[in-house]
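In order of appearance the chains are A, B, C and D, and numbering begins at 1 in each one.
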Amino acid sequence: MLASQPFSRLLGAELTVLEAGRCELQLPITPELLQQHGFVHGGVVSYLADNSLTYAGGTMLQLRVVTSEFKLNYLRPAVGERLVARAAAVQAGKSQAVCRCDIYTVHQGEEKLCAIAQGTIVRLPDRPPGEGA
Amino acid sequence: MLASQPFSRLLGAELTVLEAGRCELQLPITPELLQQHGFVHGGVVSYLADNSLTYAGGTMLQLRVVTSEFKLNYLRPAVGERLVARAAAVQAGKSQAVCRCDIYTVHQGEEKLCAIAQGTIVRLPDRPPGEGA
Amino acid sequence: MLASQPFSRLLGAELTVLEAGRCELQLPITPELLQQHGFVHGGVVSYLADNSLTYAGGTMLQLRVVTSEFKLNYLRPAVGERLVARAAAVQAGKSQAVCRCDIYTVHQGEEKLCAIAQGTIVRLPDRPPGEGA
Amino acid sequence: MLASQPFSRLLGAELTVLEAGRCELQLPITPELLQQHGFVHGGVVSYLADNSLTYAGGTMLQLRVVTSEFKLNYLRPAVGERLVARAAAVQAGKSQAVCRCDIYTVHQGEEKLCAIAQGTIVRLPDRPPGEGA
(Lines give C-alpha, C1' and ligand atoms only; values in the text may rest on other atoms or scores of the structure.)
Protein backbone atom coordinates (compact mmCIF):
# COMPACT_ATOMS: atom_id res chain seq x y z
CA MET A 1 0.00 0.00 0.00
CA LEU A 2 2.69 2.51 0.95
CA ALA A 3 4.52 1.70 -2.27
CA SER A 4 1.61 3.25 -4.16
CA GLN A 5 2.15 6.57 -2.39
CA PRO A 6 5.02 8.52 -3.93
CA PHE A 7 5.28 10.72 -0.84
CA SER A 8 5.59 7.71 1.46
CA ARG A 9 8.34 6.35 -0.78
CA LEU A 10 10.10 9.72 -0.70
CA LEU A 11 10.14 9.62 3.10
CA GLY A 12 10.96 5.92 3.31
CA ALA A 13 7.99 4.80 5.43
CA GLU A 14 7.36 1.10 6.05
CA LEU A 15 4.00 -0.49 6.85
CA THR A 16 4.83 -3.01 9.55
CA VAL A 17 1.41 -3.92 10.94
CA LEU A 18 -2.03 -3.72 9.34
CA GLU A 19 -4.97 -5.57 10.85
CA ALA A 20 -8.56 -4.86 11.81
CA GLY A 21 -8.53 -1.49 13.54
CA ARG A 22 -4.79 -1.31 13.91
CA CYS A 23 -1.81 -0.04 11.97
CA GLU A 24 1.90 0.41 12.60
CA LEU A 25 4.18 2.48 10.42
CA GLN A 26 7.93 2.77 10.80
CA LEU A 27 10.26 5.37 9.37
CA PRO A 28 14.05 5.27 9.50
CA ILE A 29 15.38 8.71 10.42
CA THR A 30 17.58 10.06 7.64
CA PRO A 31 19.30 13.46 7.37
CA GLU A 32 16.78 14.87 4.92
CA LEU A 33 13.94 14.41 7.43
CA LEU A 34 15.43 16.85 9.95
CA GLN A 35 14.89 20.50 10.75
CA GLN A 36 17.54 23.06 11.53
CA HIS A 37 18.34 21.83 15.05
CA GLY A 38 18.96 18.22 14.07
CA PHE A 39 15.61 16.86 15.19
CA VAL A 40 13.07 15.19 12.96
CA HIS A 41 10.88 17.87 11.39
CA GLY A 42 7.40 18.15 12.87
CA GLY A 43 6.01 17.69 9.38
CA VAL A 44 7.46 14.18 9.27
CA VAL A 45 5.77 13.35 12.55
CA SER A 46 2.49 14.78 11.26
CA TYR A 47 2.82 12.69 8.09
CA LEU A 48 3.09 9.58 10.27
CA ALA A 49 0.08 10.64 12.30
CA ASP A 50 -2.01 11.31 9.19
CA ASN A 51 -1.06 8.10 7.45
CA SER A 52 -1.30 5.72 10.39
CA LEU A 53 -4.67 7.13 11.42
CA THR A 54 -5.91 6.71 7.85
CA TYR A 55 -4.81 3.11 7.63
CA ALA A 56 -6.14 2.15 11.06
CA GLY A 57 -9.49 3.71 10.20
CA GLY A 58 -9.45 2.29 6.69
CA THR A 59 -9.36 -1.27 7.99
CA MET A 60 -12.72 -0.65 9.67
CA LEU A 61 -14.49 0.95 6.73
CA GLN A 62 -15.14 -0.38 3.29
CA LEU A 63 -13.48 0.76 0.10
CA ARG A 64 -11.73 4.05 -0.07
CA VAL A 65 -11.22 6.35 2.88
CA VAL A 66 -9.65 9.68 3.62
CA THR A 67 -8.54 11.50 6.74
CA SER A 68 -11.08 14.20 7.51
CA GLU A 69 -9.22 15.83 10.37
CA PHE A 70 -6.71 15.18 13.10
CA LYS A 71 -5.07 16.83 16.06
CA LEU A 72 -1.47 16.29 17.10
CA ASN A 73 0.44 17.06 20.28
CA TYR A 74 4.22 16.99 20.14
CA LEU A 75 5.65 15.70 23.40
CA ARG A 76 9.42 15.78 22.93
CA PRO A 77 12.01 16.32 20.21
CA ALA A 78 12.20 13.36 17.86
CA VAL A 79 15.72 11.99 17.78
CA GLY A 80 17.11 8.51 17.28
CA GLU A 81 17.31 5.93 14.55
CA ARG A 82 13.66 5.40 13.78
CA LEU A 83 10.10 6.55 14.32
CA VAL A 84 7.25 4.13 15.02
CA ALA A 85 3.60 5.18 14.73
CA ARG A 86 0.91 2.93 16.19
CA ALA A 87 -2.69 3.82 15.45
CA ALA A 88 -5.92 2.17 16.52
CA ALA A 89 -9.57 2.73 15.75
CA VAL A 90 -11.39 3.71 18.93
CA GLN A 91 -14.83 3.64 17.34
CA ALA A 92 -16.07 2.80 13.87
CA GLY A 93 -19.46 3.13 12.21
CA LYS A 94 -20.51 2.73 8.61
CA SER A 95 -19.22 6.04 7.39
CA GLN A 96 -16.45 7.07 9.76
CA ALA A 97 -13.90 5.84 12.26
CA VAL A 98 -12.33 7.80 15.10
CA CYS A 99 -8.73 6.78 15.76
CA ARG A 100 -5.87 7.51 18.07
CA CYS A 101 -2.17 7.30 17.38
CA ASP A 102 1.02 7.12 19.46
CA ILE A 103 4.31 8.03 17.83
CA TYR A 104 7.58 6.86 19.33
CA THR A 105 11.22 7.55 18.66
CA VAL A 106 13.51 4.55 18.85
CA HIS A 107 17.05 5.22 20.03
CA GLN A 108 19.43 2.36 20.83
CA GLY A 109 16.49 0.04 21.08
CA GLU A 110 14.56 2.19 23.53
CA GLU A 111 11.17 3.61 22.59
CA LYS A 112 10.08 7.02 23.82
CA LEU A 113 6.69 8.53 23.16
CA CYS A 114 7.22 11.73 21.16
CA ALA A 115 3.75 12.64 19.87
CA ILE A 116 0.09 11.66 20.18
CA ALA A 117 -2.75 12.24 17.77
CA GLN A 118 -6.50 11.81 17.45
CA GLY A 119 -8.54 12.07 14.27
CA THR A 120 -11.47 11.11 12.06
CA ILE A 121 -11.32 8.87 9.00
CA VAL A 122 -14.27 9.00 6.62
CA ARG A 123 -15.43 6.66 3.92
CA LEU A 124 -15.60 8.17 0.48
CA PRO A 125 -18.72 7.91 -1.67
CA ASP A 126 -18.86 4.76 -3.80
CA ARG A 127 -18.36 6.64 -7.05
CA PRO A 128 -15.88 9.18 -5.90
CA PRO A 129 -14.53 12.32 -7.48
CA GLY A 130 -11.22 11.86 -5.77
CA GLU A 131 -8.83 11.63 -2.86
CA GLY A 132 -8.23 8.84 -0.41
CA ALA A 133 -5.60 6.73 1.16
CA MET B 1 15.20 30.04 7.18
CA LEU B 2 13.68 27.19 5.20
CA ALA B 3 17.04 26.49 3.65
CA SER B 4 18.28 25.43 7.10
CA GLN B 5 15.63 22.72 7.27
CA PRO B 6 16.64 19.65 5.26
CA PHE B 7 13.03 18.41 5.22
CA SER B 8 11.75 21.70 3.81
CA ARG B 9 14.42 21.51 1.10
CA LEU B 10 13.41 17.93 0.34
CA LEU B 11 9.82 19.05 -0.22
CA GLY B 12 10.76 22.24 -2.04
CA ALA B 13 8.96 24.73 0.21
CA GLU B 14 9.44 28.45 -0.28
CA LEU B 15 9.02 31.14 2.38
CA THR B 16 7.24 33.94 0.54
CA VAL B 17 6.04 36.19 3.38
CA LEU B 18 7.36 36.60 6.92
CA GLU B 19 6.36 39.57 9.01
CA ALA B 20 5.08 40.25 12.51
CA GLY B 21 2.43 37.64 13.20
CA ARG B 22 2.17 36.45 9.65
CA CYS B 23 3.77 33.87 7.38
CA GLU B 24 3.18 32.52 3.89
CA LEU B 25 4.75 29.35 2.57
CA GLN B 26 4.44 28.06 -0.98
CA LEU B 27 5.12 24.60 -2.30
CA PRO B 28 5.20 23.59 -5.97
CA ILE B 29 3.34 20.31 -6.41
CA THR B 30 5.69 17.66 -7.77
CA PRO B 31 4.99 13.97 -8.44
CA GLU B 32 6.79 12.75 -5.34
CA LEU B 33 4.43 14.70 -3.08
CA LEU B 34 1.37 12.73 -4.16
CA GLN B 35 -0.52 9.79 -2.75
CA GLN B 36 -1.94 6.86 -4.68
CA HIS B 37 -4.88 8.72 -6.22
CA GLY B 38 -2.85 11.55 -7.67
CA PHE B 39 -3.65 14.11 -5.00
CA VAL B 40 -1.13 15.77 -2.74
CA HIS B 41 -0.52 13.56 0.28
CA GLY B 42 -2.15 14.74 3.48
CA GLY B 43 1.25 14.63 5.12
CA VAL B 44 2.46 17.37 2.79
CA VAL B 45 -0.49 19.53 3.76
CA SER B 46 0.17 18.84 7.44
CA TYR B 47 3.85 19.79 6.96
CA LEU B 48 2.70 23.16 5.58
CA ALA B 49 0.32 23.63 8.47
CA ASP B 50 2.99 22.80 11.04
CA ASN B 51 5.65 24.98 9.50
CA SER B 52 3.56 28.03 8.67
CA LEU B 53 2.02 28.03 12.15
CA THR B 54 5.49 27.80 13.69
CA TYR B 55 6.82 30.72 11.67
CA ALA B 56 3.79 32.92 12.24
CA GLY B 57 4.00 32.26 15.96
CA GLY B 58 7.78 32.58 15.98
CA THR B 59 7.60 36.16 14.75
CA MET B 60 5.69 37.06 17.91
CA LEU B 61 7.93 35.33 20.41
CA GLN B 62 11.59 35.80 21.10
CA LEU B 63 14.34 33.38 20.21
CA ARG B 64 13.59 29.78 19.50
CA VAL B 65 10.10 28.36 19.27
CA VAL B 66 8.47 25.05 18.60
CA THR B 67 4.99 23.92 17.64
CA SER B 68 3.35 22.43 20.70
CA GLU B 69 0.21 21.16 19.00
CA PHE B 70 -2.08 21.76 16.08
CA LYS B 71 -5.33 20.58 14.60
CA LEU B 72 -5.98 20.27 10.89
CA ASN B 73 -9.19 19.86 8.86
CA TYR B 74 -8.88 18.75 5.25
CA LEU B 75 -11.56 20.41 3.12
CA ARG B 76 -10.96 19.06 -0.40
CA PRO B 77 -8.42 17.05 -2.37
CA ALA B 78 -5.28 19.05 -3.04
CA VAL B 79 -4.63 19.22 -6.77
CA GLY B 80 -3.04 21.85 -9.01
CA GLU B 81 0.33 23.41 -9.53
CA ARG B 82 1.08 24.80 -6.10
CA LEU B 83 0.05 24.94 -2.46
CA VAL B 84 -0.01 28.18 -0.49
CA ALA B 85 -0.21 28.24 3.30
CA ARG B 86 -1.03 31.49 5.07
CA ALA B 87 -0.75 31.57 8.83
CA ALA B 88 -1.41 34.34 11.32
CA ALA B 89 -0.99 34.72 15.06
CA VAL B 90 -4.39 35.23 16.66
CA GLN B 91 -3.00 35.90 20.12
CA ALA B 92 0.51 36.07 21.51
CA GLY B 93 1.82 36.31 25.04
CA LYS B 94 5.35 36.04 26.41
CA SER B 95 5.60 32.28 26.24
CA GLN B 96 3.14 31.16 23.57
CA ALA B 97 1.22 32.21 20.47
CA VAL B 98 -2.01 30.73 19.16
CA CYS B 99 -2.18 30.76 15.38
CA ARG B 100 -4.49 29.87 12.53
CA CYS B 101 -3.61 28.78 9.04
CA ASP B 102 -5.41 28.54 5.69
CA ILE B 103 -3.98 26.28 3.01
CA TYR B 104 -4.93 26.79 -0.63
CA THR B 105 -4.33 24.89 -3.82
CA VAL B 106 -3.52 26.99 -6.86
CA HIS B 107 -4.69 25.64 -10.19
CA GLN B 108 -4.49 27.76 -13.33
CA GLY B 109 -4.18 30.84 -11.21
CA GLU B 110 -7.23 30.10 -9.10
CA GLU B 111 -6.90 29.56 -5.35
CA LYS B 112 -9.14 27.12 -3.54
CA LEU B 113 -9.11 26.58 0.19
CA CYS B 114 -8.16 22.95 0.85
CA ALA B 115 -7.34 22.80 4.56
CA ILE B 116 -7.49 24.88 7.73
CA ALA B 117 -5.48 24.54 10.91
CA GLN B 118 -5.20 25.97 14.40
CA GLY B 119 -2.34 25.48 16.83
CA THR B 120 -0.08 26.61 19.63
CA ILE B 121 3.53 27.77 19.27
CA VAL B 122 5.62 27.89 22.42
CA ARG B 123 8.86 29.64 23.24
CA LEU B 124 11.67 27.36 24.24
CA PRO B 125 13.68 27.96 27.41
CA ASP B 126 16.65 30.30 26.93
CA ARG B 127 19.22 27.55 27.36
CA PRO B 128 17.46 24.74 25.68
CA PRO B 129 18.12 21.08 25.39
CA GLY B 130 16.73 21.00 21.91
CA GLU B 131 14.16 21.30 19.18
CA GLY B 132 12.72 24.37 17.55
CA ALA B 133 11.92 26.00 14.30
CA MET C 1 -34.09 26.97 18.81
CA LEU C 2 -32.12 27.44 22.01
CA ALA C 3 -35.34 27.33 23.98
CA SER C 4 -35.70 23.69 22.96
CA GLN C 5 -32.40 22.85 24.63
CA PRO C 6 -32.77 22.51 28.39
CA PHE C 7 -29.02 22.89 28.89
CA SER C 8 -28.93 26.14 26.91
CA ARG C 9 -31.80 27.43 29.07
CA LEU C 10 -29.93 26.39 32.20
CA LEU C 11 -26.93 28.45 31.11
CA GLY C 12 -29.00 31.34 29.79
CA ALA C 13 -27.67 31.42 26.24
CA GLU C 14 -29.25 33.68 23.63
CA LEU C 15 -29.22 33.15 19.87
CA THR C 16 -28.57 36.61 18.47
CA VAL C 17 -27.67 35.89 14.83
CA LEU C 18 -28.52 32.95 12.61
CA GLU C 19 -28.11 33.16 8.87
CA ALA C 20 -26.57 31.11 6.07
CA GLY C 21 -23.21 29.93 7.35
CA ARG C 22 -23.16 32.18 10.36
CA CYS C 23 -24.29 32.13 13.99
CA GLU C 24 -23.85 34.34 17.02
CA LEU C 25 -24.63 33.24 20.55
CA GLN C 26 -24.49 35.42 23.62
CA LEU C 27 -24.35 34.43 27.25
CA PRO C 28 -24.67 36.76 30.22
CA ILE C 29 -22.04 35.86 32.82
CA THR C 30 -23.71 34.86 36.07
CA PRO C 31 -22.10 33.60 39.31
CA GLU C 32 -23.03 29.97 38.70
CA LEU C 33 -20.99 29.90 35.47
CA LEU C 34 -17.70 30.57 37.23
CA GLN C 35 -14.87 28.39 38.44
CA GLN C 36 -12.99 28.74 41.71
CA HIS C 37 -10.95 31.80 40.69
CA GLY C 38 -13.90 33.89 39.62
CA PHE C 39 -13.47 33.38 35.89
CA VAL C 40 -16.01 31.78 33.61
CA HIS C 41 -15.50 28.02 33.67
CA GLY C 42 -13.82 26.57 30.60
CA GLY C 43 -16.78 24.27 30.22
CA VAL C 44 -19.05 27.24 29.59
CA VAL C 45 -16.72 28.47 26.88
CA SER C 46 -16.61 24.99 25.34
CA TYR C 47 -20.43 24.86 25.42
CA LEU C 48 -20.52 28.08 23.40
CA ALA C 49 -17.96 26.72 20.95
CA ASP C 50 -19.89 23.47 20.50
CA ASN C 51 -23.26 25.12 20.07
CA SER C 52 -22.25 28.00 17.82
CA LEU C 53 -20.28 25.68 15.54
CA THR C 54 -23.27 23.37 15.33
CA TYR C 55 -25.67 26.17 14.40
CA ALA C 56 -23.33 27.76 11.87
CA GLY C 57 -22.80 24.39 10.21
CA GLY C 58 -26.46 23.48 10.50
CA THR C 59 -27.49 26.43 8.36
CA MET C 60 -25.47 24.96 5.49
CA LEU C 61 -26.77 21.40 5.73
CA GLN C 62 -30.25 20.06 5.48
CA LEU C 63 -32.32 18.68 8.30
CA ARG C 64 -30.69 17.54 11.48
CA VAL C 65 -27.02 17.93 12.25
CA VAL C 66 -24.64 17.14 15.05
CA THR C 67 -21.15 18.28 16.00
CA SER C 68 -18.72 15.51 15.14
CA GLU C 69 -15.63 17.05 16.69
CA PHE C 70 -14.04 20.34 17.60
CA LYS C 71 -10.84 21.80 18.94
CA LEU C 72 -10.66 24.77 21.28
CA ASN C 73 -7.82 27.05 22.33
CA TYR C 74 -8.32 29.22 25.39
CA LEU C 75 -6.58 32.57 24.95
CA ARG C 76 -7.26 34.46 28.16
CA PRO C 77 -9.39 34.25 31.31
CA ALA C 78 -13.03 34.96 30.57
CA VAL C 79 -14.24 37.83 32.71
CA GLY C 80 -16.79 40.54 32.18
CA GLU C 81 -20.52 40.88 31.77
CA ARG C 82 -21.12 38.68 28.76
CA LEU C 83 -19.66 36.16 26.35
CA VAL C 84 -20.23 36.37 22.59
CA ALA C 85 -19.51 33.46 20.28
CA ARG C 86 -19.39 34.05 16.53
CA ALA C 87 -19.13 31.00 14.29
CA ALA C 88 -18.93 30.72 10.52
CA ALA C 89 -18.88 27.84 8.07
CA VAL C 90 -15.57 27.80 6.23
CA GLN C 91 -16.58 25.03 3.85
CA ALA C 92 -19.76 23.03 3.41
CA GLY C 93 -20.59 19.99 1.32
CA LYS C 94 -23.64 17.76 1.26
CA SER C 95 -22.82 15.80 4.37
CA GLN C 96 -20.57 18.00 6.47
CA ALA C 97 -19.49 21.55 7.19
CA VAL C 98 -16.20 22.72 8.68
CA CYS C 99 -16.59 25.78 10.87
CA ARG C 100 -14.57 28.20 12.91
CA CYS C 101 -15.60 30.14 15.97
CA ASP C 102 -14.32 33.18 17.87
CA ILE C 103 -15.42 33.68 21.46
CA TYR C 104 -15.20 37.10 23.07
CA THR C 105 -15.68 38.45 26.54
CA VAL C 106 -17.48 41.75 26.78
CA HIS C 107 -16.48 44.01 29.66
CA GLN C 108 -17.73 47.59 29.86
CA GLY C 109 -18.59 47.47 26.20
CA GLU C 110 -15.18 46.25 25.09
CA GLU C 111 -14.80 42.91 23.36
CA LYS C 112 -11.72 40.78 23.91
CA LEU C 113 -11.06 37.53 22.14
CA CYS C 114 -10.84 34.79 24.78
CA ALA C 115 -11.02 31.52 22.83
CA ILE C 116 -11.01 30.18 19.27
CA ALA C 117 -12.35 26.90 17.97
CA GLN C 118 -12.52 24.83 14.80
CA GLY C 119 -14.74 21.81 14.17
CA THR C 120 -16.81 19.57 11.94
CA ILE C 121 -20.60 19.47 11.77
CA VAL C 122 -22.17 16.44 10.11
CA ARG C 123 -25.61 15.84 8.71
CA LEU C 124 -27.50 13.02 10.34
CA PRO C 125 -29.12 10.26 8.29
CA ASP C 126 -32.67 11.06 7.16
CA ARG C 127 -34.27 8.49 9.44
CA PRO C 128 -32.07 8.84 12.43
CA PRO C 129 -31.70 6.93 15.63
CA GLY C 130 -30.82 10.03 17.53
CA GLU C 131 -28.88 13.09 18.54
CA GLY C 132 -28.56 16.46 16.90
CA ALA C 133 -28.76 20.13 17.45
CA MET D 1 -12.21 20.75 44.68
CA LEU D 2 -15.31 20.62 42.52
CA ALA D 3 -17.30 22.22 45.31
CA SER D 4 -15.25 25.37 44.78
CA GLN D 5 -16.45 25.61 41.19
CA PRO D 6 -19.94 27.08 40.97
CA PHE D 7 -20.36 25.73 37.43
CA SER D 8 -19.47 22.20 38.50
CA ARG D 9 -22.02 22.46 41.32
CA LEU D 10 -24.62 23.73 38.86
CA LEU D 11 -24.08 20.65 36.70
CA GLY D 12 -23.78 18.25 39.63
CA ALA D 13 -20.35 16.81 38.83
CA GLU D 14 -18.61 14.50 41.29
CA LEU D 15 -14.86 13.96 41.60
CA THR D 16 -14.55 10.21 42.13
CA VAL D 17 -10.83 9.59 41.53
CA LEU D 18 -7.86 11.94 41.82
CA GLU D 19 -4.35 10.58 41.96
CA ALA D 20 -1.00 11.23 40.30
CA GLY D 21 -1.72 11.67 36.60
CA ARG D 22 -5.26 10.42 36.79
CA CYS D 23 -8.75 11.78 37.38
CA GLU D 24 -12.30 10.47 37.18
CA LEU D 25 -15.36 12.69 37.16
CA GLN D 26 -18.94 11.48 37.24
CA LEU D 27 -22.08 13.35 36.37
CA PRO D 28 -25.64 12.13 36.93
CA ILE D 29 -27.73 12.87 33.84
CA THR D 30 -30.59 15.18 34.74
CA PRO D 31 -33.23 16.74 32.45
CA GLU D 32 -31.60 20.16 32.40
CA LEU D 33 -28.42 18.73 30.87
CA LEU D 34 -30.16 17.62 27.69
CA GLN D 35 -30.56 19.11 24.24
CA GLN D 36 -33.69 19.10 22.11
CA HIS D 37 -33.58 15.41 21.14
CA GLY D 38 -33.29 14.08 24.66
CA PHE D 39 -29.56 13.40 24.59
CA VAL D 40 -27.01 15.00 26.86
CA HIS D 41 -25.92 18.31 25.35
CA GLY D 42 -22.48 18.28 23.74
CA GLY D 43 -21.54 21.18 25.96
CA VAL D 44 -21.94 18.97 29.02
CA VAL D 45 -19.63 16.40 27.50
CA SER D 46 -17.11 19.12 26.65
CA TYR D 47 -17.30 20.41 30.23
CA LEU D 48 -16.36 16.93 31.46
CA ALA D 49 -13.50 16.74 28.96
CA ASP D 50 -12.17 20.15 29.96
CA ASN D 51 -12.40 19.54 33.68
CA SER D 52 -11.08 16.00 33.81
CA LEU D 53 -8.13 16.90 31.58
CA THR D 54 -7.35 19.85 33.83
CA TYR D 55 -7.42 17.76 36.99
CA ALA D 56 -5.38 14.91 35.53
CA GLY D 57 -2.78 17.38 34.31
CA GLY D 58 -2.93 19.38 37.52
CA THR D 59 -1.82 16.41 39.59
CA MET D 60 1.44 16.37 37.62
CA LEU D 61 2.22 20.08 37.84
CA GLN D 62 2.68 22.27 40.84
CA LEU D 63 0.35 24.92 42.05
CA ARG D 64 -2.26 26.36 39.78
CA VAL D 65 -2.95 25.10 36.29
CA VAL D 66 -5.28 25.88 33.44
CA THR D 67 -6.39 24.06 30.30
CA SER D 68 -4.62 25.62 27.35
CA GLU D 69 -6.44 23.70 24.63
CA PHE D 70 -8.22 20.47 23.92
CA LYS D 71 -9.82 18.55 21.10
CA LEU D 72 -12.93 16.43 21.43
CA ASN D 73 -14.50 13.77 19.22
CA TYR D 74 -18.09 12.77 19.90
CA LEU D 75 -18.59 9.08 19.21
CA ARG D 76 -22.26 8.44 19.98
CA PRO D 77 -25.28 10.15 21.52
CA ALA D 78 -24.94 10.37 25.29
CA VAL D 79 -27.91 8.72 26.95
CA GLY D 80 -28.33 6.84 30.21
CA GLU D 81 -28.17 7.56 33.90
CA ARG D 82 -24.67 8.90 34.26
CA LEU D 83 -21.55 10.10 32.49
CA VAL D 84 -18.07 9.04 33.57
CA ALA D 85 -14.94 10.87 32.38
CA ARG D 86 -11.54 9.27 32.91
CA ALA D 87 -8.50 11.34 32.12
CA ALA D 88 -4.81 10.51 32.34
CA ALA D 89 -1.61 12.47 31.81
CA VAL D 90 0.31 11.00 28.89
CA GLN D 91 3.36 13.18 29.39
CA ALA D 92 4.24 15.84 31.92
CA GLY D 93 7.11 18.30 32.12
CA LYS D 94 7.71 21.23 34.44
CA SER D 95 5.37 23.63 32.72
CA GLN D 96 2.81 21.52 30.90
CA ALA D 97 1.10 18.14 30.78
CA VAL D 98 -0.52 16.50 27.77
CA CYS D 99 -3.55 14.41 28.71
CA ARG D 100 -6.15 12.15 27.19
CA CYS D 101 -9.68 11.54 28.31
CA ASP D 102 -12.35 8.89 27.66
CA ILE D 103 -15.96 9.75 28.40
CA TYR D 104 -18.53 7.00 28.93
CA THR D 105 -22.26 6.88 29.30
CA VAL D 106 -23.57 4.46 31.90
CA HIS D 107 -26.93 2.89 31.18
CA GLN D 108 -28.26 0.06 33.31
CA GLY D 109 -24.78 -0.59 34.59
CA GLU D 110 -23.21 -0.82 31.16
CA GLU D 111 -20.53 1.65 30.10
CA LYS D 112 -20.28 2.83 26.50
CA LEU D 113 -17.59 5.12 25.21
CA CYS D 114 -19.27 8.27 23.90
CA ALA D 115 -16.43 10.77 23.44
CA ILE D 116 -12.65 11.03 23.52
CA ALA D 117 -10.47 14.07 24.07
CA GLN D 118 -6.86 15.15 24.06
CA GLY D 119 -5.44 18.39 25.42
CA THR D 120 -2.73 20.45 27.06
CA ILE D 121 -2.68 21.64 30.67
CA VAL D 122 -0.27 24.41 31.54
CA ARG D 123 1.11 25.64 34.83
CA LEU D 124 0.32 29.23 35.63
CA PRO D 125 3.03 31.68 36.66
CA ASP D 126 3.76 31.69 40.38
CA ARG D 127 2.24 35.10 40.95
CA PRO D 128 -0.63 34.90 38.56
CA PRO D 129 -3.08 37.41 37.30
CA GLY D 130 -5.80 34.84 37.12
CA GLU D 131 -7.58 31.80 35.83
CA GLY D 132 -7.08 28.17 36.68
CA ALA D 133 -8.76 25.00 37.78
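Some notes on this structure:
Criterion: a contact is a pair of C-beta atoms (placed from the backbone, for glycine too) under 8 Å apart; a residue touches a chain by one contact, two chains touch by 3 or more.
Chain by chain, the UniProt names read as follows: A, B, C, D = Medium/long-chain acyl-CoA thioesterase YigI.
Just so you know, these numbers come straight off a predicted model, no measurement behind them.
Equivalent interface to A-C within the set B-D, A-B or A-D: B-D (over half of contact pairs identical by residue number). Judged by contacting C-beta pairs, the busier of the interfaces C-D and B-C is C-D. A straight line joining the Cα centres of subunit C and subunit D is 18 Å long. Taking each chain's centre as the average of its CA atoms, subunit B and subunit D sit 31 Å apart. In whole angstrom, the spacing between the mean C-alpha positions of subunit B and subunit C is 27.
Shared interface positions of subunit C, defined as residues touching 2 or more other chains, are 68-69, 71, 73, 76, 98, 120. Considering their complex, residues 71, 73, 75-76, 90-91, 98, 100, 113, 116-118, 120 of subunit A touch subunit D. Subunit B contributes residues 68-69, 71, 96, 98, 120 to its touches with subunit D in the complex. Residues of subunit D that touch subunit C in their complex: 1, 4-11, 31-44, 46-51, 54, 64, 66-74, 76-77, 79, 129-133.
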